[in-house]
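Order of writing sets the labels: A, B, C and D. Residues in every chain begin at 1.
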Amino acid sequence: MQPGYGAPRMILPDKTMAIEEAVARIGNGATVMVGGFGVPGTPFTLIRELVRQGQKDLTVIKNDANEKHLGIDHLLANGQVTRLITTHIGLNPRAIELMNAGRIEVEFCAQGILAERVRAGGAGLKGFLTDIGMDTDLARNKPAFELNGEQALLETALRADVALIHANRADVFGNLDFTATARNFNPLMAMAADLVIVEAETLLPLGGLRPDEVHTPGPFVDCVVQLQELTAEYDVVQR
Amino acid sequence: MSNAKARMIARAAREITPGMVVNLGIGLPTRVVDHLPAGYPVCLHTENGLSGIGPTLPPESADRNLIDAGGAYVSTIPGSAFFDSAVSFALVRSGRLDLTMLGAFEVSAAGDLANWKIPGRFSPGAGGGIELAQKARRVVVLTTHTDRDGKPKLLCECTLPLTARHCVDRIFTDLAVIDVTPEGFALRELADGASIDSVLDATGAPLALPEGRIPVF
Amino acid sequence: MQPGYGAPRMILPDKTMAIEEAVARIGNGATVMVGGFGVPGTPFTLIRELVRQGQKDLTVIKNDANEKHLGIDHLLANGQVTRLITTHIGLNPRAIELMNAGRIEVEFCAQGILAERVRAGGAGLKGFLTDIGMDTDLARNKPAFELNGEQALLETALRADVALIHANRADVFGNLDFTATARNFNPLMAMAADLVIVEAETLLPLGGLRPDEVHTPGPFVDCVVQLQELTAEYDVVQR
Amino acid sequence: MSNAKARMIARAAREITPGMVVNLGIGLPTRVVDHLPAGYPVCLHTENGLSGIGPTLPPESADRNLIDAGGAYVSTIPGSAFFDSAVSFALVRSGRLDLTMLGAFEVSAAGDLANWKIPGRFSPGAGGGIELAQKARRVVVLTTHTDRDGKPKLLCECTLPLTARHCVDRIFTDLAVIDVTPEGFALRELADGASIDSVLDATGAPLALPEGRIPVF
């Protein structure tokens, strides 16, 4: 049988929508992954809309807690977060206070292990074995295995109900690219949630991104929201 | 291609609903796309690293770096993306593949699939088939109803090594459309010219018949 | 303390070398990962040099065995391979014959699991847990675990002594990009070996690749070889 | 910065040999790069996703999307590459990071490092520090020899929660260069103006002294 040369050309579906509609799909009690490392790559506008809509009892998975009055700090200040899975919250005194007061539960991961747990979720794996953190407090309560005579810890995969992603460019199908160190956790989280919502600085028609320069392939993405403006939160931090 | 096979493929094409991400296995399944109208909103995935497969190309106009998993030279469409093999199967395993269409040596009444190995005769390796069968949200099989010797491919239990257990949702053959239900095989549609008796004869397991008129494809 | 604005600018080392010198670093008995899926991405020129130098008792890790008279088939024909870890060798009758005659040992993996095992090696992990292949022959001899009430198999990470990589473009530091479906296993293997040797269709000076378009970062790469010509093996296969 | 700290940093810079891939922890270590000559062949890595760090920039010329792991605005150089956090730590864990320079609360004679947590007082999370300490091929610590209360930071055993066990190879302080050997701490060099006795007094564990003249930095 010969291949069907010149078979019909398909078209890829359009996933653009209004930010209100996309964020309204998030329910109370949702687990929400949020991209970003410091300011770069944090989806500030999606976070603001989540604050406005006010969903409660959220578990947030994010590298850091931003700084006070920035990013997910608004979710913390608004009492929307009950649990935070993170690597370092030292730049946000509010997060530290809430943790110390027992008002949010915080689970710390080694940074690369958080990245791998999210990636494992996105890759449809159940977990992985590593010796990272073996001799630290972070090993507590983690099952240990012996593998080829060496000890290893089991780290479980992380998936979320929702991922909030900041992209540099997106096409309408949800192919994404990221810029500079704004990439960080974004492409990993964009694979690891049942509902992936992207805010894009630039929205392109199909074909606007070359297939070789795509960082996150469109099939992983559910909703694409074009940013109407880059608010002050995206700016260089003046210290 | 026989008329019956062509009708089977055309019928299978209707399984693809708008917006799906679909992986078509090597062989008959790849032909399904010929029956979709141009401009249909679907994203075809190939496990060697491309979403958004465009038309297949003859050697003289092929790109030496652009093939599908079956080795056919393909093309891109606006919105295609390339990725590595880990990302490609991440997509499959994490539930982003809505549908796969696969070939089969045997399918059991419980939806077990055997399509990669015949001990002592054929064992080239499973390639990406295990993950497609096990993890696509919907798995449909395209196959002749019987093998070359006329023996049923739809059986109570598979005799060959499995590709995946409890994975097949629906089977398209040259004789019928059959669903795998919690109670076993169930006839849904008949091929034009096929009788219920011919299907029962060619099926190696109990087959539930629908009430009323059976649609013909 | 203030950051040191205008600290001196570093330069990245040059890793280009002659193909004979790079391949001579491979020893007898080495485990060698080879990029490619079918023709695209197969480092035909590096393989040819390995055939010329004749290193023996190699364990080769590659998605497929190419076709007869192409790619790693030359290593098989030359009796240099004792073991092959792969996903599908159906297009190479010689590989099937050698396997059936017991002259090479073949370990089959599900394709995405081979990709993940290589990636796990490149990510410095020891292994991962998955339910893929649970009910198949491939599950034989693999330890099973129960995780949250579900069964999972342990898949061990794969690393190699050497990876042979085909890149589209490389800069002299070893930043790489790949083109179309020639990417496949290349970026994964380029992270998972102690000695990573790259053949590049185009060699660029530092700065020739934009930092956002790099597929494999230079720190993973040891040797960069510029291809002098694209031999017939790289061509479209006429069937 | 005190003269002694500046000398310590300048001395630590000599630890970086040509061709290395190096990650410099937040604080004192980031200043080490100021002491390398322009055009020195080294690749600086930051765990938030950049290899080939260029000069730090003041806010008015900064790129809002380009920071290092400490939040400083940095730049690229020809040959820089950006990558995601998984790739970044893959590089660290798989042995591609030749050297890291870290700060310390405590270092034990066995090379254990504590630098991320003071129970009840300071526990912001470990960030990337655990993987850097555990997996860089060579781990050196830059620290004052004693804490603000004058208490030794080099101890027989760490009292604070560990970052990683048996990881530290060498310690640069304002008083000395000290190696961690299988037999414990060994003095290698003295800071200009520091005496052997002052180092012994400030060290909370046995310290092997070299034979012959001790180099001064």
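Note that a residue touches a chain if its C-beta (ideal position, glycine included) is under 8 Å from a C-beta of that chain, and two chains touch if they have at least 3 such contacts.
Everything quoted here is computed from the prediction, not taken from an experiment.
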item: Partner chains that chain B and chain C have in common; value: A
item: Most remote chain, CA-based centroid, reference being chain B; value: D
item: Inter-chain centre distance, chain A versus chain C - centres from mean C-alpha coordinates, in Å; value: 30
item: Euclidean distance of C-alpha centroids - chain A vs chain D, Å; value: 30
item: Centre distance in Å when chain B and chain D are each reduced to the mean of their C-alpha atoms; value: 57
item: Chain C, residues touching no fewer than two other chains; value: 116, 123-125, 130-131, 178-180, 211-212
item: Touching two or more other chains - residue numbers and ranges from chain B; value: 50, 82-83, 86, 89-90, 92-93, 135
item: Contact graph of the chains (line, ring, star, complete, other); value: other
item: Pairs of chains found to touch, sorted by chain label; value: A-B, A-C, A-D, B-C, C-D
item: Residues of chain C touching chain D in the complex; value: 1, 3-13, 121-125, 159, 171-173, 175, 191-192, 194, 205-207, 209, 211-212, 214, 217-220
item: List of chain D residues in touch with chain C within their complex; value: 1, 18-19, 21, 27-28, 30-31, 33-34, 36-45, 50-58, 72, 76-83, 86-87, 89-97, 135
item: Residue numbers on chain C that touch chain B, as the complex places them; value: 37-41, 63, 86-91, 96, 106, 108, 110-116, 118-119, 130-138, 168, 178-188, 215, 234-239
item: Interface residues, chain A side, partner chain C - complex; value: 116, 120, 123-131, 147-148, 150, 152, 154, 156, 177-180, 211-213
item: Interfacial residue positions of chain D with respect to chain A in the complex; value: 46-50, 59, 62-69, 71, 73, 82-86, 88-90, 92-93, 112, 117, 123-128, 130-131, 134-135, 161-165
